[in-house]
Amino acid sequence: MSFHVRTVEPPRVEAPHIDLTARLGDVVLPNPVLTASGCAAAGRELAQFFDVADLGAVVTKSIMLAARSGRATPRMAETASGMLNSIGLQGPGIDAFLEHDLPWLHEHGARTVVSIAGGSVEEYAELARRLRGAPGMLALEVNISCPNVENRGLVFACDPDAAAAVVGAVRRHTAPAVPVLAKLSPDVTDIVSIARACVDAGADGLSMINTLLGMALDLDTMRPVLAGVTGGLSGRAIKPVAVRCIWQVHAALPQVPILGMGGVASGRDAVELVLAGASAVSVGTAIFHDPSAPVRVLAELTEVLDARGFTTLADAVGHAHRQ
Amino acid sequence: MSFHVRTVEPPRVEAPHIDLTARLGDVVLPNPVLTASGCAAAGRELAQFFDVADLGAVVTKSIMLAARSGRATPRMAETASGMLNSIGLQGPGIDAFLEHDLPWLHEHGARTVVSIAGGSVEEYAELARRLRGAPGMLALEVNISCPNVENRGLVFACDPDAAAAVVGAVRRHTAPAVPVLAKLSPDVTDIVSIARACVDAGADGLSMINTLLGMALDLDTMRPVLAGVTGGLSGRAIKPVAVRCIWQVHAALPQVPILGMGGVASGRDAVELVLAGASAVSVGTAIFHDPSAPVRVLAELTEVLDARGFTTLADAVGHAHRQ
Amino acid sequence: MSDGPLQVAGQVLSTKRVGAYHHLTLVAPGIAERTRPGHFVALATGGPDSGLTLRRAFSIYKVDTRGVYGGTVEVVLAVHGAGTAWLAVQHPHTPVDVVGPLGRPFSLPKDTQRGVSATLVGGGYGSAPLFALAEALRSRGCRVDFVLGAASADRLFGVLDAKRMASTVAVTTDDGTAGTRGRVTDVLPEVMAAAHSDVVYACGPMAMLQAVTAVAARRGVVAQCAVEESMACGIGVCMTCVLPVVGDDGQTRMVRSCVDGPVFPGDRVRWDDVGTVPAGTVGAPVAGGH
Amino acid sequence: MSDGPLQVAGQVLSTKRVGAYHHLTLVAPGIAERTRPGHFVALATGGPDSGLTLRRAFSIYKVDTRGVYGGTVEVVLAVHGAGTAWLAVQHPHTPVDVVGPLGRPFSLPKDTQRGVSATLVGGGYGSAPLFALAEALRSRGCRVDFVLGAASADRLFGVLDAKRMASTVAVTTDDGTAGTRGRVTDVLPEVMAAAHSDVVYACGPMAMLQAVTAVAARRGVVAQCAVEESMACGIGVCMTCVLPVVGDDGQTRMVRSCVDGPVFPGDRVRWDDVGTVPAGTVGAPVAGGH
């Protein structure tokens, strides 16, 4: 009997023969693998497992103006090949974020996409103003899957006009060189119409998909598992929905860069999203399973592209539409 | 070394101390476990594994007016805890169905819910007319997740008016004693509004959920796996979405019976849907994993209810809302 | 119910590597008694909390009604994706739910046709169901000749079995690592001529089946072909496993390979149109229709 | 990076039943060296194609830096749901990805405080991390007394270990199948009095921790409690494992038990409010606000 074990090494991320440069609007990333908002906090914890500067970028947990306690627990439920979460955007608020989190990322060489969330168009606009000129911020991701407190809690991402209002306001208050990505929810009848509204309002790119609205009941208490009743479904279970959404939007708006996410757990998954039309890919829930998932996915993606004869990532973006 | 194996026996479905009677509108079923449309053909094949009369009812594959070849292959892709299908409603057409399938079910003591599908309001209406008085048909399930050939292929289930038009036409041409169930798609921004439109148009109950629109790419061909490009996502992966949809609709329309489905693979899953508001439950994709799943689910459901002190199924329906 | 498939809570008895394949023996009482050559089993894979939903289909290689631990079923598998990878590494006693026997088996020559000469063609693990077939044919007094082909020597299965049973065994490999370099169809005409073949049985990749059908047809012989289409359920309820087959009435229908096959007369399968719905198929979309 | 957690592609070395529990030894080199009493590991469960996504957290029972096959980590697990059921039945060599050591360990009395009397309270498998703690305390010259409780005798863990290390060992079971019938807190006051406890360390169910905290407080002693909150990641990135804890500034915050715990001073945890966001918590929703 012999046991061969090894420390899980951050896989080597170089593959000199493939140009992995990824473009999200005017921003150029050295490679197309990012973290997904809310699945990597603000990078510090993951730095114990790999160098955060090795990623295309770190997407931060969505930040709001004020500090937020988030929701009561339980905040999660595991589901078949996925999970539900209802964190309630716990966070320190924009001031503490600008004082502690963004500078840490900057010092550690991470490129940062700052995700923002708000309860009103004005809150989003104010966040954009505060972030203007923040060092190390490469792009803004606008999480519009938030209830609009001014309109019966209707989620911005579910209404083209509300989505456009938020994106337009953020775009106006953000430096022109900083791309604004609108993060779309799959829980809509027609994602292309929401995508179009966001782009018309000035979005430089689209992030998709956010979680699907789901729910689980606890058979012991016979009540919802989550204190928040409903929650967001993520993980490998939802990848087919992500691929479909990216495919549809890329088909309709081929010029608009897409940051793809939803169930990416391997390089093969990442390439699937790229072929469907994503210019870059975020790894979310898979991090909970494997803290080094983002660098592993990057290494695997490089191999998968190489094995298929791609010499640049750009050639693979949306390739399945052109085959 | 000893091996204990056994033939998988259809579990005994009786549990005299629990009243399993399930109500869907005016129809009373001896128990609440049905098959899901398209996952049990017209019952014959499953009769090799258990007595189809032991189920609450058999829901048939959606039938159309004419014979349909369905789509080209590949028609399926396995996904994490689920699958995509794009069968394209292959079937023999209503005449052959009435001649061969419904009589077979009737002779074998099965209660039958006939699922119908069409490309126009008139096709649905004509199907309802043809089915009027058909012996053995207990209820009609209207699969409205079909493209409306008269309106740019827009899916009926995605538009309250189109959904209402279909349901209204079917209701008018169906005998009053036969409940009409509208089968809803989860791929909408507001499922409650679609549910309400169907009920207002005369639906006696709602079936939910149909599959989620999804897609997979083949990394070898770098093309969509499915010949039909997109397909329907089903299986355990989607259960959280099913629970959420049933919960929302039952909260809004507590008097309307719901036939729940989506990822039910065990008695615990079935009870989860019941507690969320389903009056009965259909087992779909799980049959592909385990041909005796429907009777197993029924036996397990009975145990789960019993362990929680329920003496009638009816008490459990929507119980999580009242806790 | 009596002669249809059973669902059995089986167990792994043993797994053994054979060249590039894994020979898996399952304890699954009751199935052996019902099995005829060409039947297949559908196995649940991945264990209790697996993310794998669909069954995996395997031709039945051997059955034994009187195993020490109860009736057994043996299959030969190539690791392809997640489900086969899981099956290949299971320890004895791992529970595996087995549904079988499934499908329509090979048609044997009528008892009266003693003396029939049968040529059996297997590609890769496609030879697995042919040995039980050879025995059945032999016991009816048929002559049996084998043609076994594969990409390489390690992908041939059962050459020794074949030699034990057959009048002649021809072997081909794409890379020449065993037997004649080339395809089964390169040697088939010769074998058929020498054996005065009356019937051909074939199991292997679709392209091979099509080619074998054509070679056989040139000698006026029908090839009984066991096809391999992607299957979700294996029992006829899902409609994923269809291919275009011409019926007795001359009409093409999309036919389920799990219940109406996997064995089809090669001349009825529209090989060139597999993966499409050929124009004129019953229920095919018509221009201006749905 | 050097003293944080590692991610190791480990393997099962052995599994052994101990009463109602499973004692699992993993080969996972590198983790032993960094582990201090109270640390935990997060294990990936279910194998390659599992439908299980999230890690499972287990207190570290023992480590060995010099195992024959490399450093090992031992945990004691109760089968609860799918992940623990899987772990309990794995054969030697099954790969298990291990992340650890995680969390904040128990604080030891300063080296200068020789002669401190420590009372260690374990509920069920909650005793697992206390034996390494007892050794560390003993090596600093502390007196150690154990109180071990469980629902029934088979759910006690490590009574013999405890007897080997401690001045006294008190045992309680809810059903009286071993030791005193009752709860750990029924005997704790007496044990603390006899031992002149300066500090209490506790690990077990939340209700026990709350009760132990109260008993200790009555003697003016702080209980260091290792809590068990539902965790998705174990490394601080998901925010699922929070509970309301009072900070040095007197303010309540929703604090991550995986990185700021699992060990908390019992008097800082708002036990009654676990599962809620108490009014006044930093960032809590305010009436009329979000």
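For clarity, chains are labelled A, B, C and D in written order, and residue numbers in each chain start from 1.
As a convention for this text, a residue touches a chain if its C-beta (ideal position, glycine included) is under 8 Å from a C-beta of that chain, and two chains touch if they have at least 3 such contacts.
For clarity, every value in this text was computed on a predicted model and none was experimentally measured.
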Reaching chain D from chain A through chains that touch each other, fewest steps: 1
Whole-Å separation of chain centres (CA-atom averages), chain A against chain B: 34
Averaged-CA centre spacing for the pair chain C and chain A, given as whole angstrom: 46
Chain C and chain D, separation of their C-alpha mean positions in angstrom: 55
Of all residues in chain A, the ones touching two or more other chains: 80-82, 235-236
Of all residues in chain C, the ones touching two or more other chains: 51-52
Chain contact topology (line, ring, star, complete or other): complete
Of chain D, residues touching chain A in the complex: 1, 4-11, 13, 27-30, 44, 51-55, 69-70, 92-93, 97, 99, 229-230, 232-233, 235-243, 253-254, 259, 274-277, 281-285, 290
Sites on chain B touched by chain A in the complex: 77, 79-82, 84, 158, 187-190, 212-217, 219, 221-224, 229-230, 233, 235-241, 243-244, 247, 263, 268, 271-272, 275-276, 304, 308, 319-320, 323
Residue ranges of chain B in contact with chain C within the complex: 1-8, 38-41, 45-49, 61, 66-76, 78, 80-83, 85, 87, 90-91, 93, 119, 149, 227, 235-236, 285, 287-292
Residue ranges of chain B touching chain D (in the complex, touch as defined): 80-81, 236
Chain A-facing residues of chain C, complex: 51
